[in-house]
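Below is a structure I'd like to ask you about.
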Amino acid sequence: MNEKRLQLPNKPPQNEEKLEEDLFPYYYGEPGSVPGTLDIDPDAAPSELVLIDYNQENAVRVQQISPEQCVYYLDTESVSWVDVRGLGSEDILIKLGQVFNLHQLVLEDVVNIPQRPKIEDYKNQLVIITRMVIPDSDGKGFRSEQVSLILGEHYLLTLQEESSMDCFNPVRDRLRGNKGSIRQRGPDFLAYALWDAIIDGFFPVLEDFGERIEDLEDEVVHKPNEQTLGKIYQVKRDLLTLRRAIWPQRDAINALIRDKSPLLSEDVIVYLRDCYDHTVQIIDVVETYRELTTGLMDVYLSALSNKMNEIMKLLTVISTIFIPLTFIAGVYGMNFNPQASPFNMPELNWYWGYPVCWAIMIIVASSLIIFFWRKGWFNNVSEVKRDG
Amino acid sequence: MNEKRLQLPNKPPQNEEKLEEDLFPYYYGEPGSVPGTLDIDPDAAPSELVLIDYNQENAVRVQQISPEQCVYYLDTESVSWVDVRGLGSEDILIKLGQVFNLHQLVLEDVVNIPQRPKIEDYKNQLVIITRMVIPDSDGKGFRSEQVSLILGEHYLLTLQEESSMDCFNPVRDRLRGNKGSIRQRGPDFLAYALWDAIIDGFFPVLEDFGERIEDLEDEVVHKPNEQTLGKIYQVKRDLLTLRRAIWPQRDAINALIRDKSPLLSEDVIVYLRDCYDHTVQIIDVVETYRELTTGLMDVYLSALSNKMNEIMKLLTVISTIFIPLTFIAGVYGMNFNPQASPFNMPELNWYWGYPVCWAIMIIVASSLIIFFWRKGWFNNVSEVKRDG
Amino acid sequence: MNEKRLQLPNKPPQNEEKLEEDLFPYYYGEPGSVPGTLDIDPDAAPSELVLIDYNQENAVRVQQISPEQCVYYLDTESVSWVDVRGLGSEDILIKLGQVFNLHQLVLEDVVNIPQRPKIEDYKNQLVIITRMVIPDSDGKGFRSEQVSLILGEHYLLTLQEESSMDCFNPVRDRLRGNKGSIRQRGPDFLAYALWDAIIDGFFPVLEDFGERIEDLEDEVVHKPNEQTLGKIYQVKRDLLTLRRAIWPQRDAINALIRDKSPLLSEDVIVYLRDCYDHTVQIIDVVETYRELTTGLMDVYLSALSNKMNEIMKLLTVISTIFIPLTFIAGVYGMNFNPQASPFNMPELNWYWGYPVCWAIMIIVASSLIIFFWRKGWFNNVSEVKRDG
Amino acid sequence: MNEKRLQLPNKPPQNEEKLEEDLFPYYYGEPGSVPGTLDIDPDAAPSELVLIDYNQENAVRVQQISPEQCVYYLDTESVSWVDVRGLGSEDILIKLGQVFNLHQLVLEDVVNIPQRPKIEDYKNQLVIITRMVIPDSDGKGFRSEQVSLILGEHYLLTLQEESSMDCFNPVRDRLRGNKGSIRQRGPDFLAYALWDAIIDGFFPVLEDFGERIEDLEDEVVHKPNEQTLGKIYQVKRDLLTLRRAIWPQRDAINALIRDKSPLLSEDVIVYLRDCYDHTVQIIDVVETYRELTTGLMDVYLSALSNKMNEIMKLLTVISTIFIPLTFIAGVYGMNFNPQASPFNMPELNWYWGYPVCWAIMIIVASSLIIFFWRKGWFNNVSEVKRDG
Amino acid sequence: MNEKRLQLPNKPPQNEEKLEEDLFPYYYGEPGSVPGTLDIDPDAAPSELVLIDYNQENAVRVQQISPEQCVYYLDTESVSWVDVRGLGSEDILIKLGQVFNLHQLVLEDVVNIPQRPKIEDYKNQLVIITRMVIPDSDGKGFRSEQVSLILGEHYLLTLQEESSMDCFNPVRDRLRGNKGSIRQRGPDFLAYALWDAIIDGFFPVLEDFGERIEDLEDEVVHKPNEQTLGKIYQVKRDLLTLRRAIWPQRDAINALIRDKSPLLSEDVIVYLRDCYDHTVQIIDVVETYRELTTGLMDVYLSALSNKMNEIMKLLTVISTIFIPLTFIAGVYGMNFNPQASPFNMPELNWYWGYPVCWAIMIIVASSLIIFFWRKGWFNNVSEVKRDG
């Protein structure tokens, strides 16, 4: 067992990959199966436990600790944070359930992911299911991961889907560096600090959305094309996902503040109110973005109609000018025999016949051009060129 | 009376058929008729009773038991589960009502199907009307069936529309195999286990919907056709049906949790909370899908507009190029007599007349082609080809 | 006074006529007039009173009784049901008000129809304003009528707009035939029975709507025409009317259940809960239908766009094929003088000139036909034929 | 001071004029100014006070009374109704504030119009801000006016924007004629009677809206034109105004009923419930109309699409029939030299050449006409004519 | 320290500039950072403190006071208003936090802007985060600024983003001039007065919106163009911003009124109710405007469709008239040899051939023109001209 002074890894996450987005967002087991059945994904990373045990004076960190070894730390007065990364090892998870005395439904919820965020109060334990979002590096999307927090009197147990990355490093730094008041407080403050980090992680994701929407606004107005609506739809769909992640967290925090579990000190509730405000701000922005994307769809459809109008105007202008001219040319292409009667196309033999014919055609064309120019159609035709 | 040790049938359901979907989804009797009137559908399967009586040590199963024979088991302390399949035998149902002492309105609700899911608390009985969904084997739809649960102190009475299939076999297996804690608990836990199986049965149906929507997203973007919107509308309509089945079940579970009937142990309420979470997840997904289908309609309509734009562009390009050329050709097809005057079509006798005429036509055509090419119309014309 | 044993008329309603639908659905008097002013419609049927007085042993029916004559029956312990049909006789209505001791606002509400359904609790009287719907015989609509129920300790007073028909005959049959428990119960049960008949009368009307919507779904998909949207709009409008009739009745029943007037026995409240469930089912269906009609509008609009696309494709195909051919023909119709120069239309004198010209035209046409065929436009053209 | 027996003017309002509708509907003062600042509109009519003082036996009316003169009547037990018409005289209004002991915020709200309707309870005074609507004489719109009611123990103070007209004359008639029970009751009943008159004044306005919507339904279906949508939009906008006037009044009445001020007798609250029902009916109708106008927009848009389809069908029919014929004519207008080769247009010299050419053209045209006739396009073309 | 009698600056704000609108509207820090971290914007104006200390008799003003110097005034009974302008000086802000004993979360909220408006009750301090809006001078937009109010027993601390301008000058004037009752009241009234000024500042901004919407209504009906929908969308987006600023302020005021902090006198709560009414009015108008802009989008889309219809009508009229004529001309341009047979185009040699041909063409054209004229198309064509 490799126990040493708290040294936190700061390596950037490797082999990040976009998870295949699936339209059905929740886990479900075989209908009718025994409640509490664990359903381990064979591709899941093996579970790895990291324990950080601290009080105001000391902080130790133990990597790759086994569930049984945690018991020693749990029995002390100091705060123990057991962080489980990867949910692939059934035996470790079951032992964890025994060590921490978890209800079988709790174990099911933290292992069989994804679940909807929620808060469950089991008298001596508060179970918090949250959802963390991590922006993609290209700023075009995000992925999300379930994080479960189980808060007891002297400990906090956290379980994460993936072993490679989370947004908890700043909190680990505060623990290691004894920054702020975190080492003087209980596990409830730690739980708050982690949840706050999770919630605040929504902000950069939303900022990416803001940029995507601004790009789309630009695209819709200046160069709408066939892909545009698909992109708007994608933003809408992503916003629905985000919304499904944040709304229940707001409700969960609200329930925590309202129900005042004895596991939460009055002091931490003040901090949770701040956290609640952040969820409200996030929801605010999500709903605003949803309205904007709906508005963008309408703008896009009207841009299409405008383009159609311009195309039709061009066709109408060309046809309306040339069809009468072609008719005139057609008339004097007729072969009525001038010798058969003086009424048969005498124009063909007039001295000024051809020039007069051209004059008539030019007058007709000019009148039509002036007609369209007065209606302002030519401005628009040139605008078509700009829009492409 | 054929009593024997518990042996559960595992035969796959036969002669499954898609029920004619009817837009009016509920049962109603003759207005003004006596409350409690039973309205037996002559095509309904004859009622068949199966009793499973169990405690921690023993479990017996009695098939084709008569209502009167149940009394013996109901009088014991062990838990009796009477499962009625098929609602076609009026006499059996009326006797059941007497044996279980059902209020006439309860009997009406469980027999005259379909009803809206709900929960009624008759002090010594909890009546739960639920709706079970079963996915079609082709993954393109589902059918639904009413299941009523009547919970007493030592018994659970369930009534199902159809005799051939249900989703309760895993629960029967748990009873037979004494898996989990089900045999150590009362009929309230059994009721929970069955209801949980019903609720969890919505998940695979929803997953099918997810796939249908993904297929439609693909279709809308890559090959929209006349059937597409019909399909989207069908998904929307099916989602409305699903929604009408799950919302009232959520409310019913919530009422159970809140009102704390003495027939439900505190312990089972914890499990019901889990069940409630599942209904919330299902509703979440149904509403998300509904929003997505609405968005898809918009995408489809804009795809239509885009196609129209491309068609019109093609027409406009062809017309705009050839109409002026045809006019020029028409001019030199005129028959003005060159001998009548030197101004009458002298071009026709010029040495370079015909080549110059062609040159003019080529210049006009090229200018127009360049004009359209600069506007980027040709890219789109080729895209039309791709979209078909 | 013609008193006799209970003999109920069973004559079918005569001279049924569709009421002119008016967009403003409620009655209103002169602003500022004295509250309680009766506003008798001169075309209203004269008021006719029918009294049915019953207890478990006996039931008598008195037709054309006068308000004063009712007093005798009201003073007995047996239940008196006074049914007023037609609201055209001011003096009878005013006397009724005195006999039953009605508040002037109550008299106003039951006489000056239509009113919004509601429930008013005047301590010794419960006033229930309901709305009855009766399907038209052609299944294409319905008409509605206000029914007011005034429940006292030993009596029930009902007032109906029209004398010719109602949906209470089954209840009268139950009274006459002593079916069910109705004769053993008080006027509160009678009030429930009548109201239940009114509520259940919505179901067949809704079923007609279901059929209308299914017909429209068919029409929209297979033969959309100019009348279609008008019909959808009409369904939408009718649903709004229906909705305005049922929502307040739900609220009224709910208020009755919640507020527990001493005039209602505990037992009847159980039955009212059943009645409440029916209103919820009706609302459920009305809202579902409203969503479906909205969806139908979208499908219809997209069907229009599809038809337009097909029309434009046809035009584009024909134009695109023939315009270049016409141009070629036009070129060789020019009259450049071959004798003036060897460059002037030498093709006209070539040996194979005309066949080559045809060959070129056939190649051009074939290329274009293949181009359109590859894009799959011809499938669609044939589909246009099918759609008509 | 001209005191005389109550003689009410019945002169019709003169110089009625449509108020310029302004999109911003409320009054606001300079941000940061002292609360209670009065902002007198220089164009407002000078304030004129009319006092009616009554009890069961007597009723006197004093016109053009000054605020100070009111004190005499206020000190008696009889009910004093002081009606202020016109809000243009600052000194009178300030004196009124002193005589009636108004809070500076109350004075501000009644003078600086328009305000949102509301109810304020100042212990010894109930302040009711209402909004009266008056239909335009052409039935195409309405205008609205703020009426404030300040109810004390023995008095009612009302303030109206305009001096020329209100809808209180029927109430004044009841006071003068001692009709109904109004003279036997307190100022609370008078306040009810006036407010009821205001609320009931919405009904005729709404009936006008009903007619406008029915006219629009007709127009949309039978002769949609460019103005139609503008009219629908105008109705929508007017409905929003109406809605903003009635919703807060409903809330205000509801608050009055719920909070039971000692200034309101139990008896009057029964009447207010009736008044509340009317507001609910009005809101019902407003919301229904709003849904109908939204539906009308969709019908209109589809009518436009239908017209476009018909126009395009006409163009397509004409083009499709004549373009091939013109091509054929063009072919035989070519000048290939028959003498140069036997293959060069031998048709021109055939004996039956010209008749056969016509025969071909007639066959082509007939086939196309039959094709379109089979598709039913010609029915529609005639329908275009009907629609105009 | 420059202490002098109260002399308020009245210089107009200089170098006003439109802030770059950013779609993500709130501040957020690094996820996981220590709560209470201040994040000073390097471009922010340096903080400048102005103290106004007053009671009924005296009022002094101290400019550029340091936080420590405030202590002297805070210790007196008189009301001290410390106004901080500019949030750029970290040391001053931290000292302020110490002097006023601010919770670290409070300091974070007032410094790390923007935050969502809210109210926090810290027993001895009320923290109010508000948002002030300032109309742009061109009436086409607005910008907004966070103002935080921290109310203690004898002091009010306000913090503003920018040093250059605010809407508090009228309040300062009232303090200086001892106008109204402001100097006789506590800091709670001052807080009300400032907040009221902030809220009332929304009215002129909304009035600008009203004008923008009216301009757009005009534009949509009389000269819709490609920019129109973009402008409507911009209004919609700005309204969302405004809405996000005012809704939470309404909730905050409501919470203040409901929760009755001991720091607020009963009297001030009456004034806050007035302030609450204003927020309700603002929300009312914002929602009305949002509905109107949605309606405008529909009107605009239908205007586009109407224009398209007119364009197509023009094309159809021209094509339908000239295509048959061109065909006739084409027929008599054919070169069938009249000498080869008497059936080959004998018309060409008829005496009246050419005039009859013209007559036929004129009859065809006239019939078509009458046909279109009867359908009323020409009215519309002229309307196109008007619309441009």
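Order of writing sets the labels: A, B, C, D and E. Residues in every chain begin at 1.
Everything that follows uses one rule, which is that a residue touches a chain if its C-beta (ideal position, glycine included) is under 8 Å from a C-beta of that chain, and two chains touch if they have at least 3 such contacts.
This one's a predicted model, so the numbers in the text were calculated from it and none came from an experiment.
Undergrad: Count the smallest number of chain-to-chain hops linking subunit C with subunit D, moving only between touching chains.
TA: Counted as steps through touching chains, the separation is 1.
Undergrad: Looking at where subunit A touches subunit E, is over half of the residue numbers used by both copies, so same, or under half, so different?
TA: different
Undergrad: Just give me the whole-number Å value for how far the CA centre of subunit B lies from that of subunit D.
TA: Roughly 43 Å separates the two chain centres.
Undergrad: So what's the Cα centroid distance for subunit A and subunit B, whole Å?
TA: 26
Undergrad: What parts of subunit C, by residue number, touch at least two of the other chains?
TA: If we look for residues of subunit C contacting two or more partner chains, we find 301, 305, 308, 312, 315, 319, 323, 326, 330, 333-335, 345.
Undergrad: What pattern do the touching chains form: line, ring, star, complete or other?
TA: It is a ring, because the chains touch in a row that closes back on itself.
Undergrad: Can you trace the ring for me, subunit D first, then subunit E, and on through the rest?
TA: Listed around the ring from subunit D, going to subunit E first: D, E, A, B, C.
Undergrad: For subunit E, which residues are in contact with subunit A within the complex?
TA: 22-26, 28-36, 103, 105, 108-109, 115-116, 118, 120, 226, 229-230, 233, 236-237, 240, 244, 297, 300-301, 304-305, 307-308, 311-312, 314-315, 318-319, 322-323, 325-326, 329-330, 332-335, 338, 345, 347-355, 357, 384-385, 388
Undergrad: Using the touch definition up top, name the residues of subunit A that touch subunit E in the complex.
TA: Residues 167-171, 174, 179-180, 182, 193, 196-201, 203-204, 206-207, 210-211, 213-214, 217, 221, 270-271, 273-274, 277-278, 280-281, 284-285, 288-289, 291-292, 295-296, 298-299, 301-303, 305-306, 308-309, 312-313, 315-316, 319-320, 323-324, 326-327, 330-331, 333-337, 340-341, 343-345, 374-376, 380, 383 of subunit A touch subunit E in their complex.
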